[in-house]
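In structure tokens below, several structures.
Next, two complexes with chain A in common: one pairs it with chain B, the other with chain C.
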Partner chain A sequence: MIPLRLKIETDAVDPYVVRLRSCEGMPEPLANVSSLDAALATADGEKALFTGAAGSLHLFGIDPSEVDGDVVFVVPWRKTAHRLIRANSRHNTLLITERCDQLCVMCSQPPKKQHVDMFPFFETAVLLAPENSTIGLSGGEPTLFKSELFEFLRKTMKQRRDIDFHILTNAQHFERDDRAKLRDLDLSRILWGVPVYSSDSTIHDHIVGKPGAFDQVRSNLSLLCEAGAKIELRTVLMKPNAPGLLDLARFVTAALPFIDTWAIMQLENIGYGRKNWHSLFFDNSLGFDLVSKALDFSISRGIDTKLYNFPLCTVPADYRAFAPSTISDWKRAYVEDCVDCSLRNECGGFFEWHPKVHGYGRFGVA
Partner chain B sequence: MTVWPLKFRERRDGKFLLTDDAGGFFLSDQSFLERYVGNNLSSADQTFLRENGHSFEWEGDPDWTAFAYRWARRQSKQQELSYVILVPTLRCNLTCGYCQVSRAPETAQGFDWSEETLNGALRLIGAMKGPRIKVEFQGGEPLLRVDLLEQIRSFARARFPGSQFVVCTNLQRLGEREWAYLDQADTFVSTSLDGDRNTHQRQRTNDDATTDAFFNNLADAVRRLGPGKVSALPTIDVDEPPDFEELVGNFERYGIQSIYLRPINHQGFARRRRSDPHSIAKWNKLHSSFIDYLIDQNHRTGRYVEEYYFSQCLRRFLRSGADDHVDLRNPNFFASDYIVIDHDGQLYPTDEARMLSRIGRVDLSIGTVTAGIDQAKIQLLNHASLNNFDPDCIHCAYQPFCGTDVVDDLSRDGRIDLVRTDTWFCQRHMRLFDKVIEVISRRDEPALRSVAKWARVPSWGDHMIPVHT
Partner chain C sequence: MKKRFFAIPSLIAAGFMPIESAAMPLATTGDGGKTKSLFDIFKLDHKYTLAGHTSHSSHSSHSSHRSSSGGTYYPPPADSAPAYQAPAPAYQPPIAAPAPAPLATLPGNANRFKEIVFQVQFAMLAFGYYNGELDGTMSPEMRAGLLRMQSDYNLKVTGTITPETLTALGIVAN
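Take a look at the complex of A and B:
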């Protein structure tokens, strides 16, 4: 695993955001943000010293070349720096809040009550991000702080026209007036990832732990459509919703034809997903029929449908083209049986926190 | 609850296909139809209609918005000009029976682009927005003027980051310079292969030596240029169709799995020769049996050959957008995304319009490459070029999937204010969509497999077609 938190020491008192630069020959930084860089001054086996306008910063236990270009959030009193944006990762996600109004049965990051407003720091971080990055915004539920979120997007998107956003939201909090605010943004650069688990409102509401959530997400998806937003519909496949997947496919094609992508996702063994694993995990290697019919249907109607986080060998050969490798390499792992697998190059394997007894009845390529 | 208007068509088995204006569809029966028409929908009917996207509660609700979106996606839009069809010469080194009108003898004078036309064409291409453009060379035999082709290609390559060239050639006589032209990553070959050898010789090459030369060159082209670079079209005479097995075998031999069967082009001399009013019925029958043939044959071989246009219609029936084929769209705007520049610098909206004008039936030129596009004339054509308000199409269950072809109507009947269902275009498409419906509801393994391939989905079955009784 790649460390996301670094041990540091600094003479500063207040938290701040800074970009680390440890290599020569880096492209010249943007003039207006170069004051936010800290350059490598000295390094030995265990610590590295970076200096810049914000003062000096000691980093422990990491090779400075590995953090080159990273944007970190320094919290002096905790003696830590959070790597908000890692320069050589295409998957950087900023956690807007830990609060959420839903409580999904498989939540990978169960919500917490407290909230710390990080927007000012995130704004700086985005300005320092590498060119053409896609920044994920997640939570918790980011739109609980909707006006701050819109303002953040408005400002950063204006200053960094090369940057795209991927925002995960339960879409419970949009209102009709938001359409105008949405249209003020360059919506071609934002992908809204919105979960819908079932076309049966009872099942959906049960999964997200909120009565009325289905009706709300339905009308707000419509609102996003009217605004012209790009939508990635996300469905985690589980025992409670797998039997209704074909119905959901019908619903998507008839009622949500405006989405850009439909991602059907295999469950992550983390957070509540781990706690509830046995009641939730759906073994698609044995019951692919439920998935294949839904895929056939939505693809035939022109919906770009993909399977995320499915080990390739658990998917019948005809459907593998729809299962791209989606687990980013820094959190990807393979199991023992994968050693001689011919599909390994195209396969995303498992999340590294997935149990080694992987739970698939039919596994490996014959 | 308000139900969007449904249109229906009875099938041979007594079942009904019902569709709405946004391209939603399902199969049902007589008794549903009576409940629908009699305003007697049961609550099961209402649930089905709501879930299948045919109804809404109030204007602007999510069901309404979804329907509006699907409807809008079914309409084709005006696009940026990104595709030119160029006829640098009308001269040709073959004399195919069905083509006299769009050719001149190889040695004739005055059938090639002038310097002025070349410059006009370059100006027109240069003014296109890009970044991706497509240039198709037609003729005559365009390779007779490979020098012009070279000039156009180097200009387009320098001007646009993505350009693609298609040479529609008879592949009859190729020297080193012609081969060198074709053998480039951005350049593709489209040729005619009229099925089996006998038919090809009868319709195109006339004698053995010429036929041999063609087949040798075709084999060389496939070998030298690589798979996917050569496509071929068979032109079919419904009175003397080629043998299906030989036709498909011949195409597969050259690595071509998508075959676009085209009836002999009626524009031009061919039209005068064949004015058989039953020819459309014959064509439909032939086409339909070709589809059945493919289904069986594909199942036997495990290789999946398609009839190109049928697959287009099939996918267009199922979904909007992606397969916006120029021969089948609605509204069908002229000179929107593509335009034809003839050998004399005249502009035409389509290649058929060019041929039709050439026989003096009606002047469908829409300007000249030097004076520019005649917008007034395009407006006039565009007015008639949509089926949404056609008094016959509005009642037709296939309207959202179908298109319109003013030029075809003009060429066959000399006018456009026709009873739609009497036209060749309508009769052809009515049967095509009937065939689509027939084939997608077949349950036998061979049909399921071919339909899945043609629809570009992993598998096909009962779950793919909504049925309500």
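Take a look at the complex of A and C:
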């Protein structure tokens, strides 16, 4: 697993954001180092020393060549640097808050009450990101801090016109007045990932643990559409909502034809997803007809439909084209049986924390 | 203006209106035309739509699950000692202009670096400062070898692949 936290020591007192530059193997020393860069000075087998305007930073346990270009958030008193943006990754996500107004039965990152405002640091981080990055914003529920979020997007998108955002939100908190603010943003560069689990409001509300959530998300999806937002609908497939997947497909094609993508997602075994695994995990390798009917229906109606986090061998061959490799690099793993698989390079594999007894009835080398 | 007038009803006819907006007024709502109309909003998307949802969208072709971000930035100690409430971080002043240059990540960058490391490993092997794998990746053995080599050759001792190290090893980087 790729480490997201690095062990460091620094003489600084306050936390700060800095971009690490190792720049080895260059014909000349690095030119135009910004005040937000720290350049590699020395390295031995144990630690590397980076120096910059913020002082010196000792990095332990990882070779500096692996963090070249990474934007890190340094917390001196914890002797920790968080890799906010890894230069060679497509899966960078900023955690806006840990608060949430929903309590989903399979939440991978159960919410907490405390909130630390990280927006000033995130602004700096985005300005330092590699060219043409897509940056994820997640939580918790990012729109609980809606005005700060809009301001953050307005500022960073103006300064970095090459950057796209992918924002995960339950869409519970948009109001009609927000349309103007949304339209001020370049909405072609933002993809809003919004979860809808069922076309039956009772089931949806039960899964997200909030009465009235379905009606709210339905009306706010309209609002996002009116503003011209790009929407990725996200449906985690589980025992409670799998039987209604075809009905959901009908709902999506009839009521939400304006969405960009519909992502049907396999469950992640962490957080509440782990706790409730046995009552939630739906084995698509045996019950794929539920999925294929919904998939056939929505695709035939012109909805770009995808399967996220499905190991390819659990999906019938005809449907594998709809299952891109979606598990983020830093939490992707394969099981022993995968060694000889011809599809390994195209397959997203498993989440690192998936149980060794993977739960798929039909599984194996393809 | 005519085009604009007819475009909105045709969007409705094509099912592009959100479910609760069926009664969308066609006239602009007296804000002096500052608000973008639906026509304006969707007009911008045409290039994207015509491209068939594939060429532009870096999102869907490389979509990320992105459900959890790998934890909090102020985590309680792992050994579940009483959670230490971190003080709110000091506000970082806004970035003074000019903004830092974005990092250009050219597609070949990683490979080019690997190629250089490979050459350095080969040269160090030849000079007797390295006898590990020739794999193009930096390692503690490589760092130790570089330190010794730089010291022996009276170069600045950094343990890193500096320009003068490359010159000393007879490697041309470009």
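FYI, the second predicted complex is superposed on the first by the 353 of 366 C-alpha atoms of A that agree within 3 Å, B and C clash if a C-alpha of one lies under 4 Å from a C-alpha of the other, contacts with A are read in each partner's own complex, and residues count from 1 in each chain.
As a working rule, a residue touches a chain if its C-beta (ideal position, glycine included) is under 8 Å from a C-beta of that chain, and two chains touch if they have at least 3 such contacts.
Since we're looking at a predicted model, the values are computed, not measured.
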Taking the superposition on A as described, I'd like to know which of chain B and chain C A:P15 touches: first, second, both or neither.
second
Looking at A:G271, would you say it contacts chain B, chain C, both, or neither? Reply first, second, both or neither.
second
Where does A:A333 make contact in the superposed view: on chain B (first), on chain C (second), on both, or on neither?
neither
Go through the superposed model and pick first if A:R218 touches only chain B, second if only chain C, both, or neither.
both
Contacts of A:A39 with chain B and chain C, given as first, second, both or neither:
neither
Just checking: does A:L343 make contact with chain B only, chain C only, both, or neither of them? Give me first, second, both or neither.
neither
So which one touches more of the residues on chain A, chain B or chain C?
C
Would you check which partner chain A:A255 touches, where first means chain B only, second means chain C only, and both and neither mean what they say?
both
Let me test your reading of the model: by the given contact rule, A:D117 touches which partner, first (chain B), second (chain C), both or neither?
second
Looking at A:S292 after the superposition, I want to know if it touches chain B, chain C, both of them or none. Which is it: first, second, both, neither?
first
Going by the contact definition given at the top, which residues of chain A touch chain B in one complex and chain C in the other?
218-219, 221-222, 225-226, 255-258
If we count contacts the way the header does, which residues on chain A are in touch with chain B in the complex?
199, 218-219, 221-222, 225-226, 246, 250-251, 253-258, 292-293, 295-297, 299-302, 316, 318-319, 322
Residue numbers of chain C touching chain A in their complex, please.
15-21, 35-36, 38, 41-42, 44-45, 48, 53, 57-74, 85-86, 88-92, 94-96, 99-105, 110, 112-113, 116-117, 120, 137-141, 143-144, 147, 157-163, 166, 172-174
Hey, which residues of chain B end up touching chain A in the complex?
24, 51-53, 61-63, 65-66, 69-70, 73, 318-322, 452, 455-461, 463-464, 466
In the complex of these two chains, what residues of chain A are touching chain C?
4-5, 14-17, 19, 22, 24-29, 32, 34-37, 40-46, 63-66, 68-69, 73, 75, 78, 82, 87-88, 90-91, 93-95, 98, 108-109, 112, 114, 116-118, 120-121, 123-124, 127-132, 134, 136, 138, 159-160, 162, 164, 166, 168, 180, 183, 187-188, 191, 193, 218-219, 221-223, 225-228, 230, 232, 255-258, 260-261, 263, 265, 268, 270-271, 304, 306, 308-309, 324, 326-328, 330-331
